[in-house]
Amino acid sequence: MSTVTPPANPEADPRVKAIFDDIRQIRGNDFINNVWRYLAFDPALLEETWRDVRDVMAKPSAIDFKTKEMIYAAVSIANSCDYCVHSHTAAAKARGMSDAEHAELLRIVSTAARTNHLLNAIKPPIDEVFDLSE
Amino acid sequence: MSTVTPPANPEADPRVKAIFDDIRQIRGNDFINNVWRYLAFDPALLEETWRDVRDVMAKPSAIDFKTKEMIYAAVSIANSCDYCVHSHTAAAKARGMSDAEHAELLRIVSTAARTNHLLNAIKPPIDEVFDLSE
Amino acid sequence: MSTVTPPANPEADPRVKAIFDDIRQIRGNDFINNVWRYLAFDPALLEETWRDVRDVMAKPSAIDFKTKEMIYAAVSIANSCDYCVHSHTAAAKARGMSDAEHAELLRIVSTAARTNHLLNAIKPPIDEVFDLSE
Amino acid sequence: MSTVTPPANPEADPRVKAIFDDIRQIRGNDFINNVWRYLAFDPALLEETWRDVRDVMAKPSAIDFKTKEMIYAAVSIANSCDYCVHSHTAAAKARGMSDAEHAELLRIVSTAARTNHLLNAIKPPIDEVFDLSE
Amino acid sequence: MSTVTPPANPEADPRVKAIFDDIRQIRGNDFINNVWRYLAFDPALLEETWRDVRDVMAKPSAIDFKTKEMIYAAVSIANSCDYCVHSHTAAAKARGMSDAEHAELLRIVSTAARTNHLLNAIKPPIDEVFDLSE
Amino acid sequence: MSTVTPPANPEADPRVKAIFDDIRQIRGNDFINNVWRYLAFDPALLEETWRDVRDVMAKPSAIDFKTKEMIYAAVSIANSCDYCVHSHTAAAKARGMSDAEHAELLRIVSTAARTNHLLNAIKPPIDEVFDLSE
């Protein structure tokens, strides 16, 4: 059950077709997953979202691809986004995340959640040594 | 302003002293930051929390130390934990995170938050290809 | 799968019947959606919840009905409440939200989420000019 | 206390100067608030963030400026972003939000939070009538 | 720094005075804490909020007063509400929460946060035996 | 749909069998719910998680068992963890939570969410009297 109606024939719209073609080319395969099919209900929103995600996640940068997907999955877990947890866990696996690294990721995310709540409860003063603003 | 009273002389309690000694030894310096000083209001809670964090973050494992701190910081951002964002950003820097990697981390965290909210709003069906349970 | 048992014949309880009647009258139709049917497991909780929602959402006030439902949907997205996202997106549509406005709402919600996470990470000092407390 | 060092003389960098000039021109005044000064630690991140926010918030679109800022503030409240709550409440006021509309906004946001948590607890089945995907 | 201006002389407004008097009488002392002073910027919002909180928290009910405040504090921690964590931890202490119970509360909240994130990541199917909807 | 593959025959691994036996013995019945079956994909993560949860939730301590499960459920609601809301509501019922106490729990959780959002929006200064750090 979704809150938007995906177009029946999305690529009839040339703006949508251009984005789908870019997705296919960057990924090297023909599969278009649902997030893009549903976002096609508004071609401008589809364009902006794909460009954001592509520029951050699909271009070489300071952090390698596998680690980027693991960070993305970690944030998606904390934000309770079902679709995102599934798609970015799968993407991290596709980028080479092993089962041991997956278990380790879950260990870090859940331990962080534990201390996040503990410190949101206790509210110790933040040590001056952590000030990185110079 | 905190919700607990840190003990004036925490190391008078041998359980607290043992944990503080372990922190100093593992980190190779004498600084004990406030989270541990405040958690000392309940020595058992201090012990459990330190052991959890130490076992996950201070021991060699499938993911390198710098990346672990970056993932920890990412989750702390999503959970709005001020103390944790400051301490784990500082820890990631101490483990070698460059300014470029820090900017990249923020880019991933904020882009993930954007799509997390977008997909929590649209609720597209989760593609079968993301099912990793088989 | 729910955590409560909705009563088989809720309107046998006069307090539930009174609330259901009020819902029908205010909405001008006979449909009672599941949130009210399930809350009927505790008539007092049903009464309080309906009165809260009715007073805020179904009475003329400083903000028009369509905008109120859009704000309600935005908060529900940020809080990851599936039922609420579905019901208040539908309500906003029923109040006149166009597809273009829906796309725009998602654009604002997701951009806000992006900068929310970015600023929770960077923690710049809050400018004095934003102090509205005099 | 921030996690990044804002450059002492940000406009020495021509990319930063171009963004600051754009901010000044669009707003019609000379004030640059801290979020942009701190984001200048990474000019690319500053550019992306400003362009995102400007395109969504500072251009005429399907939703009027005051309502856009009110929705942005609502999401920032739900995401516990201090800086964003302050800056977007101030922006909504600058766009014409009255005290009565502000109180009404808070009424909607807090009532939504109440039912969000209630329905996340009860989990009633989502009524088929809310399915907008067809 | 607040987003609203508290009235300089709140009790000049008879609606505000009536609420402040009710607060004083129920609590048996003269102290009015800041939440009520700031909410007085909109007397109707003050009335609704106080009545909600009073009816749930200050009247005898199925759960004793100390436990109610501990549950309220737990939710406030999870929602990252600074003011609420401070005020409801103090209220729980005033209702008799011991240091040992406080430490235990933090242990439960932080362990729950740990498994919450873990299960939001793993997404095991929910066992049929947990269905309480009959 | 899950993000991990539960082992087909988990108790073939002696570490998993030891944990499952401990679960059965402490609960006094043979049922192993899905969270443990899925966590068995990584025996070390299973061990750590079970030990954490068991030590906090299944041992006599300062807070009684029913109240502990109610607090756990409250946090799970605020963190939007479906599995946890279902399992800990069921556990609280098994520990003796009545329907009236369940309704009361929901009343507290949802009222707390309401004021949490309200105060995250208004940001009144935290009263000095709430400082428990001295």
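Points worth noting:
A, B, C, D, E and F are the chain letters, set down in written order, and residue numbers restart from 1 in every chain.
Simple rule for what comes next: a contact is a pair of C-beta atoms (placed from the backbone, for glycine too) under 8 Å apart; a residue touches a chain by one contact, two chains touch by 3 or more.
What you are looking at is a predicted structure, and each value in this text was computed from that prediction instead of being measured.
Common neighbours of subunit E and subunit F (chains touching each): A, B, C, D.
At the interface between subunit B and subunit E, under half of the residue numbers involved are used by both copies, so each side presents largely different positions.
Using the mean of the Cα atoms as each chain's centre, the chain most removed from subunit B is C. Of the two chain pairs considered here, B-F and A-B, the higher C-beta contact count falls to A-B.
Distance from the subunit A centre to the subunit F centre is 27 Å, each centre being the mean of its Cα atoms. Mean C-alpha positions place subunit B and subunit C at a centre distance of 34 Å.
Spacing of subunit C relative to subunit E, judged by their CA centroids, is 21 angstrom. Chain contacts: subunit A has residues 1-4, 6, 38, 48-49, 52, 75, 77-82, 85-86, 89-90, 100, 103, 106-107, 109-118, 120-123, 126, 130-132 touching two or more partner chains. On subunit B, the positions that touch subunit D within their shared complex are 80, 85-86, 89-90, 99-100, 102-103, 106-107, 110, 117.
Those residues of subunit B that touch subunit E in the complex are listed here as 1, 3-4, 41-42, 44-45, 48-49, 75, 79-81. Those residues of subunit D that touch subunit F in the shared complex are 73, 77-78, 80, 82, 85-86, 89, 106, 109-118, 120-123.
Listed in rising order, the residues of subunit C touching subunit D in the complex are 1-4, 6, 31, 33-35, 37-39, 49, 52-53, 56-57, 61-63, 67-68, 70-72, 74-84, 86-90, 93, 98, 100-101, 103-105, 107-109, 111-127, 129-132.
Subunit A meets subunit D in the complex at residues 1-6, 38, 48, 52, 55, 126, 128, 130-134.
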